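Scroll down for the structure; my scribbles are underneath it.
Letters A, B, C and D mark the chains in the order given here, with residues in each chain numbered from 1 onward.
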């Protein structure tokens, strides 16, 4: 966790304070459930809540105990006993550490997912606003980095909106994957604890009971969770790279917002670099990389081993904090993106009309020229334009083999920008819904 | 694609013959749609279907053309023209290669997903059968590779059943992710083709229209698809490693089926090695590794670049063929697994009753001993047993501090296996449903 | 292995024919060594060589036997006995399958490394030739995609030359890593075979004896090998992406060679797309991805398990064939790259002199202006130029605060391209050596 | 960076204090070099050293400035000016931020490599000591988890020693890869700074000049560095998994040291879990995963983009700190490992002599029985033993087809443990050298 790539709300989920608070809630709810089914005295449960509800768990003290016991949950329980008093012996009855640890981790991941979903909602809002703002701002569409045919800048953002709508759905599914609770004992058999305790705690913590746990909650759930984060990060990378391309000196169709005090380069004061989106590209690499150890965590030995734990201590915070930061940063970039429609038009005009070549090709075919011949005719007129030797329309109108099939006016009609934008409405309706 | 790790049905999805057949269907359906909206003559569409429906596309001939044109779809269309005749000029009108390529890839991935889902159904069947067969076969549960408390072998398989039920749901979602069609032209604007063509082709090919494509179908969909395959492979690894552990010489609670002609080792004829599950461990590593390049594929430049293509030519077949093979192999392993209940019992008895230590701990606590003291009492009697110096029950019954809290009979009651199995029904009901 | 991304020489290394030929050589050399130390009759060894030296091993026959025995080496030995006759019983004495398999794999990897090193030599040749050709071709250097200061195109290629010189050294080291031989028996103790056999076979096969093997050659060696391939692939990606950027419509400083028959786009005949380098980008992703399963292969259980085998059957050929193809393709791209110096000059001139801003900054500082003030002065004159509102030199010369420190002529002197190229020689000498 | 998986010396390398100290040294040495070649006044350089040598750089103050400038090096230089006074304007002359940042990163990586190499030396020491201690402690060698033939526990450790000797050599090479310095200006042309400054700073910082940099030091170097860390981590995983296997309840041939206060399980007080090595398994997954983003960092755009930076801010500390911790932890595990030779012997005896089957097979072959027949004879006597129905020697001596070839005494001779250990000396000599 790097402070500069962290935001406080997500970071707080992973603080020791939050963790011990969740542990307390799990233990206290379990004690209540145990009391309800008569295993421990009701007063014990009440005392636990009374003394613990507003207690501040002393992280340093717990660490101190752990240094002796080398066991974090026992250290916590020992400290809890210091707070609660003798009734503490009724806490954790029949439970195993993983009941607390795994349920806690899932509570944290669910809360993290909630923040990430809210982040995406923010990003979707920015994307939608800018997409409608530039719904009909023409710009060149590029494949292979080469000018292809006109699109609009709004379409580019509509694509991103659609992609992050999918990202949102994936995060919702990922949240569901990890929203389970296990209070099932040392090997998941409920030998020493009634399954009703698990049901009770699950409900109180906003989770569902894990159908079958084996001391631990199965890690395929977490692997899926982190894999989704990696895919979402990859979508961030896509949009970040789009902005980086648009900000290139030679393209300059858009720029990241550049604040007054900001310095682009210690050596070259004129430079305005897309540093936010470059940064996002790197952060995406990191979030993606966490998917792999999460998948390797699945194959625990027998009922469990603890190899997953060190991995999760690292990627639990790192992946969610980084993705949260990246989504927020991307939202800011989109929200404040400087867009230059005139430069978009200038680039559009750059290729002397070549962007209309496919339409000419089609017109020729429809006028009865074979596909092969049409291709040849278009290409022989396109090549000089490409080399900067003339204008595509003029050349075509001067090519007798072309004019034998298409009159000059018919050729000119192929050079109409509006032609390319006639279905923008259709696409926007698909992406944003009919009501927009 | 390695023949030894391939099954014919999945392999066939990725053959050139299948690919060209799907290309034909996409092109022919598109021509029909174009005819219906009056862009091309109805007779042209009919001719295409008539001549192409039962045609055999000559892979070698197409390859030959491609060597000149260096463009696979143009090569195919040229060959199609050889089959269909002059009406072929109405094929592919207003379309771009990616319309064909991307829609075809998704058809292939959808078919692959269908096979994988069927594979999982087979595996679930085997797991369920064996789980009920061994529902009450006691075996030791292990955490950290160390004996913990008793479980049943059926519970282990129930866990796997639950895990692969999740894997199935993930595959269904992954299938949905890639079940889209794009016939939207060079940059996705439908400039030269009516969106109704896309809708028509989508329906005919069992897909839904991609809301917004940009020559290509966005690759976050495919990244998600391959990430899911990686997670499923990780679950395969988990079960494979369980079998490998059980087959260890010192454990030997189960074994892969060993056919008569099979030789375990060229040097040591007595050896019966878990080679199938070791093989599955390796295959899982491969399927998992494909998730990464699939995620890197997301960030194509602008409306598209073609960097994803070489990756998909490799991982499309490799990931699906390998996973299909692995699921089938795992199904065979589970189906024919040799299970040794007596050996399970022998291992259970191995620790001189130590597996009941937690129950003793609880009984002591409930009898009023503090958690700390109870822990100390149990541990001091457990350690000699661990060193092979005596039997846990006997030692406890001889420990005065213990008997001060619990009578010898009360201690003996803690040593009851049934106690651990009382909730197996509950868990099975959760996993397999009430009707079972 | 995808035919379109394969070259015959590398592919041949991984054919069954080559594999069985290497197996034969290992077995036959071992038999000779056994004869020399008196374990088997000399005549037996001679017969093996006599009958086997020019034998064609029947792959189909071996596969047939393997279907029964489910063991590849036993299948081969059975077939060898069919060729050699009764003396075959002296073959493989005291050896274990892995002695043959692992030594064979290393022979294959060493041969693959030799081809890759030769590939790099070819690439280095092309890079050097083009680097000297464009040693003084000025072009704009870009950081963050934004114009920075002038460089030369030759410097870009010199950088690549230096990078692939490192790649070469890494491949040489990787070759060394896997150039070992193990003939040490079932668990590596030489219980049934004399270490002298290993030494003899190692020498004959161009390897060194593995100091301590455990049935298998340790897989950290192979992990390192494939990790190096991943790093080399990443360098390919870097150069490929450079070309893709240079070929962008707006930049167009260089282009992949475009053959006559080639068609860029089925829809847009004018397009000349950097498809080779885009393809290399994708191939790099694949080669990189193989490093992970290779690293997961290291932790085999105890003396060995066979989980590495399926991974190596896949990545052995896939990684080396793909990298060989990619290096050759990149060599072709560089060798025939179309370079456009005029367009480079045009782009250089594009920013109205802003590329000289750092030099102005320095001149101001050296004239006694504080760094902070100098930065402010440069930036306030740079910003209008950036917005297209004037020429940097003119603006500076009109800024009284600037001219208070620097005379107009002194400012003009900062705008000299030669200034930036004065150390090109130094750098070339560092990269290509003094003799150039 | 997780405190619980960190050690102070490595952590200190990555502290802001260390970073600013290194920045100062680079800047100050560069100023000295600039003074020597007459670009800045000698007094300026002296003042910089005088004021800065013992200065404490105020991290909070620098952060505060960075919040305005959004540029870390400018923030540092501003703070440096606060310390040094007006002479500070001669600092950083002609340099670019990356000159400082990249050189600093390499200094940090070199220092980290030095610590890691020292860690490995510690580990090698522990391995060697324990290897010689158990040079002749017999234990069963296992392939596929199944008993194979006898080895010694010392051989297992000798293998690890050899593997970490390779790891050491790889780290030395990796250190070399990143031990370079760049002070070459905005695009690496030395336009504004003399190459002699780079040479001077390189020497003072213990580095060599980067032959050709492009504002940045090329990232293939760092990719190689982190790839090596991933391979070393994989070797750690191998040894960790060996210990985990040996500590399994059914095997129990060795155990991690278990301190007095330590509690194995909150529920099961008797348990002694291999938690350190399980933890190492997870940490290895993490270190391995960092290799991927490091490789993705190689393909920066043109002369540089800054996408690598966020990755390196994370993996720089995380990979080195985690690996340092893991190596130290593994050293402790090996150093204090509890080894149980009696239990090793007990396991060795477990298979009723089957471990000698290969030797019987060989003896039969040497007595003239065909390989196929010998295999059949051995297997038919091995199978009952495997099922626990008898002792291998007795059965063989009662098999007439066997005794037709080998006399009972000759069979008995095959059952000699010493036979398997006769080359232990040879292997130790190979691994540890002749002098041992």
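Following the convention adopted for this analysis, a residue touches a chain if its C-beta (ideal position, glycine included) is under 8 Å from a C-beta of that chain, and two chains touch if they have at least 3 such contacts.
Predicted, not measured: the structure shown is a model, and the values here were computed from it.
Within the contact network of the assembly, the step distance from chain A to chain C comes to 1.
Interface of chain A with chain D: the two copies contact each other largely through the same residue positions, with over half of all numbers used appearing on both sides.
Between chain C and chain D, the superposing rotation on Cα atoms measures out at 180°, rounded to the nearest 5. Inter-chain centre distance (chain C to chain D, centres taken as mean C-alpha positions): 24 Å. Chain B and chain C have Cα centroids lying 33 Å from one another.
Among all residues of chain C, those that touch two or more other chains are 77, 92, 142-145, 148-149, 185-186, 192, 244-245, 263, 265, 267-268, 273, 275, 278, 281, 288, 292, 296, 301, 305-306, 358.
Judged by the touch criterion defined above, the protein chains are all mutually in contact, each touching every other. In the complex of the two chains, the chain B residues touching chain C come out as 1-2, 4-5, 68-71, 73-74, 77, 92, 95-97, 185-186, 192, 244, 259, 261-263, 265-268, 273, 275, 278-279, 281-283, 285-286, 288-290, 292-293, 296-297, 301, 305-311, 313-315, 318, 322.
On the chain A side of its complex with chain B, the touching residues are 77, 81, 88-89, 93-94, 141-145, 148-151, 155-156, 158-159, 162-163, 166-167, 170, 173, 177, 185-192, 195, 209, 211-212, 214-215, 218, 220-221, 223-224, 227-228, 230-231, 233-235, 237-238, 240-242, 245, 281, 284, 288, 291-292, 295-296, 298-306, 358-359, 362, 365-366, 370-372, 419-424, 426-427, 430-431.
Listed in rising order, the residues of chain A touching chain C in the complex are 140, 142-149, 244-245, 247-251, 263, 265, 267-275, 278, 292, 296, 347, 350-351, 354-355, 357-358, 361, 375, 378-379, 382-383, 385-386.
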